[in-house]
Amino acid sequence: MAEEILLEVQDLTHLFPLTKRAVVRAVDGVSFQVRRGEIFGLVGESGSGKSTVARCVMNLYRPRGGRILYKGIDVCDPAAFRANRRMLQRTRQMIFQDSGSSLNQRMRVWEIIAEPLRIQRIAPPRGSLREEAAFQMHYVGLDAGYLDRYPPELSGGQRQRVAIARALAMEPELLVADEPIASLDVSIQAQIVNLFKHLQQEHGFSFLFIAHDLAMVEFLCDRVGVMYRGRLVEAGPAAEVFAHPGHPYTRALLSSIPIPDPRRERARRPEIFSGEALGGRLAETGPGHYVLREEG
Amino acid sequence: MSGQFEMVGIRPLPPAEPARPAPWYRGKPVLSAGILALLVLGCLVFRLAPVRDPAYMDLTRCSAAPCGEFLFGTDAMGRDVFSMIWYGGGLSLFIGAAATALSTLIAVVFGALSGCAPAWLDGVLMRLTEILLSVPSLLVVVLLQAALGEANVLSISLVIGLTSWTSMAKIVRTEVRQLRGSEYVLASRCMGGSFFHILRRHLAPNFFSSIMFMAVMNIRSAIVAESTLSFMGIGLPLEVITWGSMLSLSEQALLTGAWWIILIPGGFLVTTLLCVTNLAGALRGSGGRGQSNL
Amino acid sequence: MAKGNTFLYYGKKLLLFFVSVFVLSAVVFFVSRLAPGDPLRAYYGDRVEKMSPQERAWAEERLGLDEPIAVQYARWLGGALRGDFGISYKYKLDVWEVIRSRVGNTLLLGGTGFVLIFTLAPLLGVLCAWQEDRALDRLVCKAGTVSSCIPEFWLSLVLILVFAAGLRWLPSSGAYSIGGGGAADRAVHLILPLAVVVIGHLWYYAYMVRNRILEEVRADYVLLARSKGLPRRRVLFRHCLRNAAPSYLSLMAVSVPHVLGGTYIVETVFSYPGLGTLSYESARYKDYNLLMLLCMLSGILVIVCSILAQVINEQIDPRLRTREAAEPPEVTER
């Protein structure tokens, strides 16, 4: 536990107004930590608040409650944010789910990749912005021939690589990826996840990886958090959580993974999580493994 | 540094050879653009070197039919229609352009404001435009004209510009609203892009095409509005020669059977409008509808 | 929707209506009073120029024109709420009387035009969609583009030139012959103005219908229906038309003022005694009370139609109810 904690989310809460009176508690008292150089996976079904957490971390939403400490700076505090704006914008980068809409269709690939450098007025280390873009493209496995293409001319996997290259151009310390593989074909998903693993080993950035595909999370992540209806129901080392799921929702989630072996697949009995009250608080059941438990 | 790692999971593809480019005029309104350029050129040339004074009234030759001396005949006041066409065409086109410039400016500012505003202000602004739309525009024009006094070319451009921005403002607002929430704008904000960076790099290029179509169509409706108003006698007076005010003499022309006073300016008007419409249609681009499933 | 919610929903629309009408009346009132011009001229005609200052003051007091504009507005509003809109300065009659003598003509022209446009437009639109990109469709679209470029007043002039002045088949102006007034006479007078109104609008709405159906035809459910073996005609009429119909209804609602506005210009060219010529006169001669009532009537029509279109849209697409206010379909190109 000696590693430095890069990102600490404390009791994060965010609401969305649904109508004038009703609100949705998209995120409800979520706390977790991401250490320097680790891959933290956040899983849960759609609508469980994962993306909201990511957007709060990136200062796209202002949370209604709780704190987000990044390198010890409370990024939700406007004054602290302003004081460290450049550092925060340079060292945190985000990758969105749908690369079709997160890349401006009217910009060329090299302009997209060089956009953060241009905004932050960073002198490109490799000469021109274009050469920098070409370098980053090679880095994420894209041919330099695509430099002058427009995003709609690329495939989904290629576009996501462009989005990754754009994020990496700033040499970030924290990379937040909001379901980066959900809109891709399964074969491409594997490529991109491999790429992430490889890049993370190269760069050593911390990685908040959000997904609903448990198999990918198990393969990629060091630690995972499981979210359900805006609450974190379980968190711990990936191997531990997948081997000994503590919360009934996690068990239901794990039992829903298909097994690529027909005989065992036939014997698989999906558990059904009835969605009982999510009261209580996290209790430590193993080393670093927390499960939401009823009190008393 | 690039030798320290291997590429993962992708086959390097040679960039595809670009297909042979289609001829440059394919799908472009060459004919319309040519005719319009010719009209504009004609008006300019006549401005600089008038053949005959369009305002000169030859009272001995009122309503003369087209002949060798008067190519398009003369009107009821003995003015040469040929000269008037070229002289008045310049003014008609100028009014169309000036009114459109004004309405586009108002529309972009108002639309962007409404699009970026919080929901309640946006609602108020949009209700306001709806109420403005519900005042019959003919009456607004008449009232504004009265308020501005004797009509001249600039005042009528102002009046038409002030009454024709609402539908374009609505479109700008919808576009801005849509773009504002799009992920690439979010991404740019994450990277620290300022409002103006986002407006210039992301918003403007994206609503530019839809604005262009509307703007060109507005030129068209401004020209129509000017000619209709002048025709009805609430626009420009007879002495200011435009295609519209030339047509305001047509009541008499109907009685005397002087068809050239009606058909010639109208023909020029309709041809211009048709060219402008074709240009606008080409700007919008008609492709990309896809295959019918029926 | 729960019963209470329905009540609330229509209550909101009603509130929107009243607020809009109120703002509209204030805007028109103040703008028309601020514009220069002499309303006494409408009442007294050319005698105005010979009036002494005392006479003028007396006349202004009699017509209530000497008070501040806000007081005049309050008085007008008070009267209007009781249905009393004052008298027309020009005709020296209650404004309702003046309008009553004209409204029938405008409704006849506008109403017939509206019915014709909105029965022919879907027929033409469906025909074009059915024949997409074939000769007929291209011909109709080209003709539509050309006709949309012809200003209504010029089309009227050309028709008069050809059919009234040249061929002498049809009368060139008015709603009926002097002394005459039979149904046949009125119908003959109606032909040319009606032709202009219909030609001026028909293509545009037919084109809208065509594009709406072409959009619909590209949906996946059409592919499914076709692959199930349904014949083209059945898919088009049973599925696509049914889906396109509600948006057509709301298009109709927003187009009422447009068609009516089109008749105003046509009325002036044909000297057709309707509301168009009347409002044109009243604005020129500062016949304030008449102008106000005419503005309010056409404004209320616009507001009612746009709220109606909103309601139709929101009933089709419940998402619009809670999210942003529904936009009625844009009627561009006008």
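Order of writing sets the labels: A, B and C. Residues in every chain begin at 1.
The rule is simple: a residue touches a chain if its C-beta (ideal position, glycine included) is under 8 Å from a C-beta of that chain, and two chains touch if they have at least 3 such contacts.
Fair warning: this is a prediction, and the values are worked out from it, not measured in the lab.
> Kindly indicate the chain pair that has more C-beta pairs in contact than all others.
So the pair of chains linked by the most contacts is B-C.
> Using the mean of all protein Cα atoms as the middle point, what chain has its own Cα mean nearest that point?
Measuring from the global C-alpha mean, the nearest chain centre belongs to B.
> Measuring between Cα centroids, what's the chain most distant from subunit B?
Farthest from subunit B by mean C-alpha position: A.
> Nearest whole angstrom, what separates the Cα centre of subunit B from the Cα centre of subunit C?
Centre separation, subunit B to subunit C: 24 Å.
> Using CA atom averages as chain centres, what separation in Å is found between subunit A and subunit B?
Between these chains, centre-to-centre, one finds 48 Å.
> For subunit A and subunit C, let me know how many angstrom lie between their CA-based centres, rounded off.
55
> For subunit C, give me the residues that contact two or more of the other chains.
none
> Of all the residues in subunit B, which ones touch at least 2 other chains?
Residues: none.
> For subunit B, which residues count as touching subunit C in their complex?
119, 123, 126-127, 130-131, 133-140, 142-144, 146-147, 149, 167, 170-171, 174, 177, 214, 217, 220-221, 224, 227-228, 231-232, 234, 247, 250, 254-255, 257, 259, 262-263, 266, 269-270, 273-274, 277-278, 281, 289-294
> Using the touch definition up top, name the residues of subunit B that touch subunit A in the complex.
2, 5, 7-10, 12-15, 182-184, 186-194, 197, 201-202, 205-206
> Would you tell me which residues of subunit C are touching subunit B in their complex?
Those in contact with subunit B are residues 16, 19-20, 23-24, 27-28, 31-32, 34-37, 132, 145-146, 148-154, 157-158, 160-161, 164-166, 172, 214, 217-220, 222-223, 226, 232, 235-236, 240, 257, 261, 264-265, 268, 279-280, 283-284, 291, 294-295, 298-299, 302-303, 306, 324-325, 327, 330-334.
> Mind listing the subunit A positions that touch subunit B in their complex?
Counting only subunit A, the residues touching subunit B are 55, 58-60, 85-86, 89-90, 92-94, 96, 98, 101-104, 106-107, 115-116, 119-120, 135, 138-139, 141-143, 145-146, 157, 161, 163, 166, 170, 190-191, 194-195, 198, 202.
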